[in-house]
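Since the structure comes first, as structure tokens, the remarks are kept for the end.
By written order: A, B and C. Residues from 1 in each chain.
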Amino acid sequence: MKIKSVLENYLFILPAVTIFLIFYIIPFIWVFQLGFYDWNGIDLSKSFVGVANFKEVLVQDPSWWQSVLNAGYITIIALIFQNILAFLLAVACDREIRLKNFYRLVFFIPPVLSEIVVGMAWKFIINDIDGANIVNRMFISMGLSQWAHNWLSDPKTALTTVALVHCWKGFGWGFLIFLAGLQTIPKELYEAARVDGANAWHSFKHITIPMMVPVIALVGILTILGSMQAFVLIMGLVGGEFAGHTSVPVLRILASMQGSSRFGYACTQGIVFGVILMMVSFIQYRFSKKRA
Amino acid sequence: MKTQVYYQAKKIGINALIHAFLISVVITCLYPLLWMVASSLKTQDTIFKDISLIPKEFHWENYPRAWQEGGFGRYFLNSIFYTISVVTGIVLVSSLAAYAFSRLSFPGKNFIFYIFIAAMMIPLPGSFVALYVLLNKLHLRNTEVGYILCMINVGLSTSIFLLKTFFDKLPHELEDAARIDGCSKFGIWWHVALPLAKPVLAVVIVFNTLNVWNEYVLALIIFDSRAKMPLQVAINRFWGEFATNYPLLMAGLTITALPIIIVYLLMQKYIVKGVTQGAVVG
Amino acid sequence: MQAAASWGGKRILGLLVFVFIAFIAGGCSSGISDTRKAPGEQLVTVWHWMTDRQAGLEELGKRYTEKTGVKVNFELYAPSDAYTQKVRAAAHGQNLPDIFGILAEKRDFASFIKAGHVADLTSYVDADGGKWRERFFPKALAVNEFLPSNSFGVKAGIYGVPIDVSTIQMVFNKDLLKQIGGNPEKPPVTFDEFLALGPKIKGAGLQGLVSGWAEIWMIDCLANNYAFNIMGKDKVMSTLRGEVPYTDPDWIRVFGLFKKMQDSGILANGIVTMINKTSEQLFANGKAVFAFNGSWGVNVYKNMNPNLNYGVMLPPKASEKYPMAVWGGAGSSFLVSERSKNKEETIKFLEWLTDRDQQAYLSEVTNNLPANKECLTVIPGPLAQFADDMDFTTHPNTWDVSEFPAVTEAFNKGIQRIILGEKTPEQIGREVQEVKERELAKNNKQQ
């Protein structure tokens, strides 16, 4: 009787595990073992190089670590600006205000737009020679002409600008999830606090934030995973790696695969990248567990 | 002594500030959308010269042109077919698995679950070639079924993660009641768990719809016949090696964006109603 | 309430499952065979990436079917990165179509041949006293040819045919040149003349030279052109072979040219973040005085701005010692799959495609230079100017030796950094040489 029950339970996960085994595990094994070879993706034979690729990625490839740092920078900016913006917007929309549904629709437009369009549109907005220079003209008209700048073509500001556009594209998801999270905080808590004499800021600090910590953690993990892997936007805004200034891991992997025809090395980079992502996610998960 | 007027003025002032903040964000969100639509109504030679948001002439014919030259009729249907199939597949497969991880017990449960989660975090570069060879061996290359199965796999981990967290938060009473009534495990899943999971299912649907609808590299590599290509592949043909037809590209992209917005509109009221009853918490 | 909700939900889910199964069932049956030919009919399948030629190629395909009854299927897969991935995956799965192209360097081309994917066309090309060979511009064919004792280890022969020709040179906007005080019929010939225009351009609020220098290969092209001009082909080849270091004064001089260009203001703002499409759009809209682009640009400019008044020139030479070189030769080439099921038919089709009338048609319809030198088409203005300079052309895929990709990357990224003012030519020379020595050491270890 018990065995029949357990077998029945396995049936539930059977379709998922089957598909997963065939379409993820098998390619994963193939990619994983390729990391130990030197192969150009075409030759019929590959040469086994053991851990030489891994050694190269970890110690001899400064461009790889630069790309990781750049992606980390974009991720930190996203964690801060994107999620703070999403949170504030969600709080603002949680109140009984008019046009709530309109805002909910509009704020989700950036995630829906294709990254090609987002890259082209923002390049148009920011750049002066191949765009309409809207951002700079806005600064000048506000009297802040010292802020007018080549945001995308100056290597010093390019990465930050790209990160901010990335935030713009991503805040819609955070907004939606935060908004949903805010709905589940019982109104009675706020009522009780008001009766006790607390003002808006007080209830925000002592009710809203603590109850939203698990939501913030989840959005955090999704943000990290998404931002570390961003690259299409970078190609649209600055044409690529910009001499390393806007290089990110996925672009480096693509360069190894297609530019240098080093398929094996690209797989090595991919594995190292996966390990980095797992470590970062794990740290974030631990951190949020402590806070909650 | 703060008067009634003071409090009312303060409330109006704060509301005004909030609206100003929201409106300014709305403007940044709408501008690129309007730029895309405006560009789609211009012509190849005016698209970069005329930088205003409202084109001097409205070339509505770009839309039927994009539709025809891109062969959208067929590709649009293909994309709809793939999206519905994949999303339905993911909903069924991942909700079954998530329910099992959450409510049932069997040896190796946690281990298998963690493997799914790890997969969410490890992207596979070069996996396209692996999938191609794999599908080839299974005689599923250049078939819709092969593509759909691959795409189901892509969204599986994240969907299982979202659903499992939700199921964890479900109160047991309902399920116990159903079990007492004589419902089988599958019955509880179908009649109790799934209907309650509507909010998080809505998130899963929107998330996966977005992914499948915008996918094109895998489709391009796996399919050899034009008849099976999804919409995104057709759009990228406007992005030429030598000459890009920008207005048509923009028209095509606008057409592509519409169905997703519709799906979002349909699903979003479910999402906000109660996603976080678990899906998001913890 | 609960019951009602569950009943409604059940209906929706049931419907979805039904739809799913119905579509899968429908999809399954049509997925089995996709060849579009009736039994007994011949079919040649071509995969290509050239969006603007699909219409012209399809028309030619129709004409061939009318003439011979053999069906030709042109499949377009764009953009070119995705196309390359598809070809590689197909090669891996031994599923290459009858005709395809390789958008890569000679090294990868050699790998494809050695892996047995590409048919050897030498005997066909040389048949009948070399009738097929004779029609092509020799430089166009050379890109697809491997000479005896080449350094790639490939059996000597011809492995593909060009279907058009292109060169990469400079174009200049005649109206803007006049505006800054230059002579629209006499563009700058020497490098110093060119630099002198920089301050004038900046003064007029215009942009000078635009080019897709976010794309590494475009920088490589111009740098290589100047290398040929300053030190001559032989020394460049020696450098590739590792016999001359990149710290050699001639190479430092090449790097220095980019610094001079940046300092004089002749380069457009943000040129390092431009993809080629952006530079084409800027030049077409009259925002830039010069552009460094290929002859395919003629078609792009015509579409974006038919009234553009421009001319073609060689990059202004930096030295009198050796002639200026530009990259040119085959634009796009088609290869035949070794495992093609109807190789003979395919090769016959390819021969027809590269014949005079078809080439003339393609050239007219797509504004590109034909690979067939017997074409008597009237080539429109600027395109003819591109064709005039064919004598100066060379192309990396015709050389016997090629550079390591890591070195090329360091070389071109280095130039980008020089333009950004972050490194000096001497520093870059040293860095590139370091990478070169590392690659040479690796290569020697493996042999």
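Here is the rule we go by: contacts are C-beta pairs under 8 Å (C-beta built on N, C-alpha and C of every residue); 3 or more make two chains touch, one makes a residue touch a chain.
Model, not experiment: these values are computed from the prediction.
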Checklist entry - Between what two chains do the most C-beta pairs come into contact? => result A-B
Next on the checklist: Going by average Cα coordinates, which chain is farthest removed from chain B?
Outcome noted: C
Checklist outcome for this item: chain B and chain C have mean C-alpha positions lying a whole-number Å distance apart equal to 36
Checklist entry - In whole angstrom, how far does the Cα centroid of chain A sit from the Cα centroid of chain B? => result 16
Item to check | Between chain A and chain C, centroid-to-centroid distance (C-alpha), Å | outcome: 34
Checklist entry - Can you list the chain B residues in contact with two or more other chains? => result 48, 92, 129, 239
Item to check | chain A: positions in contact with at least two other chains | outcome: 41, 130
Next on the checklist: If I count partner chains per residue in chain C, which residues reach a count of at least 2?
Outcome noted: 85, 88, 281
Checklist entry - For chain B, which residues are in contact with chain A within the complex? => result 15, 18-19, 21-22, 25-26, 28-33, 35-36, 48, 51, 92-94, 96-97, 99-101, 104-107, 112, 116, 118-127, 129-131, 134, 138, 149-150, 152-153, 156-157, 160, 185, 189, 199, 203, 210, 214, 239, 250, 253, 256-257, 260-261, 264-265, 268, 271-277, 280-282
Next on the checklist: Which residues of chain A touch chain C once you look at their complex with the stated criterion?
Outcome noted: 40-44, 47, 127-130, 150, 152-153, 155, 158, 235, 237-244, 255, 258-262
Next on the checklist: Show me the residue ranges of chain A that touch chain B in the complex, using the header's touch definition.
Outcome noted: 6, 8-10, 12-13, 15-17, 19-20, 22-24, 26-28, 30-31, 34, 41, 85, 88-89, 92-93, 95, 97, 103-114, 116-118, 121-122, 124-125, 130-132, 168, 176-177, 179-181, 183-184, 214-215, 218-219, 225, 229, 250, 253-254, 257, 263, 266-267, 269-271, 273-274, 277-278, 281, 292
Next on the checklist: Considering only the defined contacts, which chain C positions touch chain A in the complex?
Outcome noted: 81, 84-85, 88, 91, 104, 107-108, 111-112, 114-117, 207, 212, 214-216, 268-270, 272-275, 278, 281-282, 287, 405-406, 409, 413, 416-417, 420, 422, 446
Item to check | Contact footprint of chain C on chain B as seen in their complex | outcome: 44-45, 48-49, 81, 84-85, 88-89, 91-92, 128-129, 132-133, 136, 141-146, 148, 190-192, 194-195, 198, 216-217, 220-221, 224-228, 233, 236-245
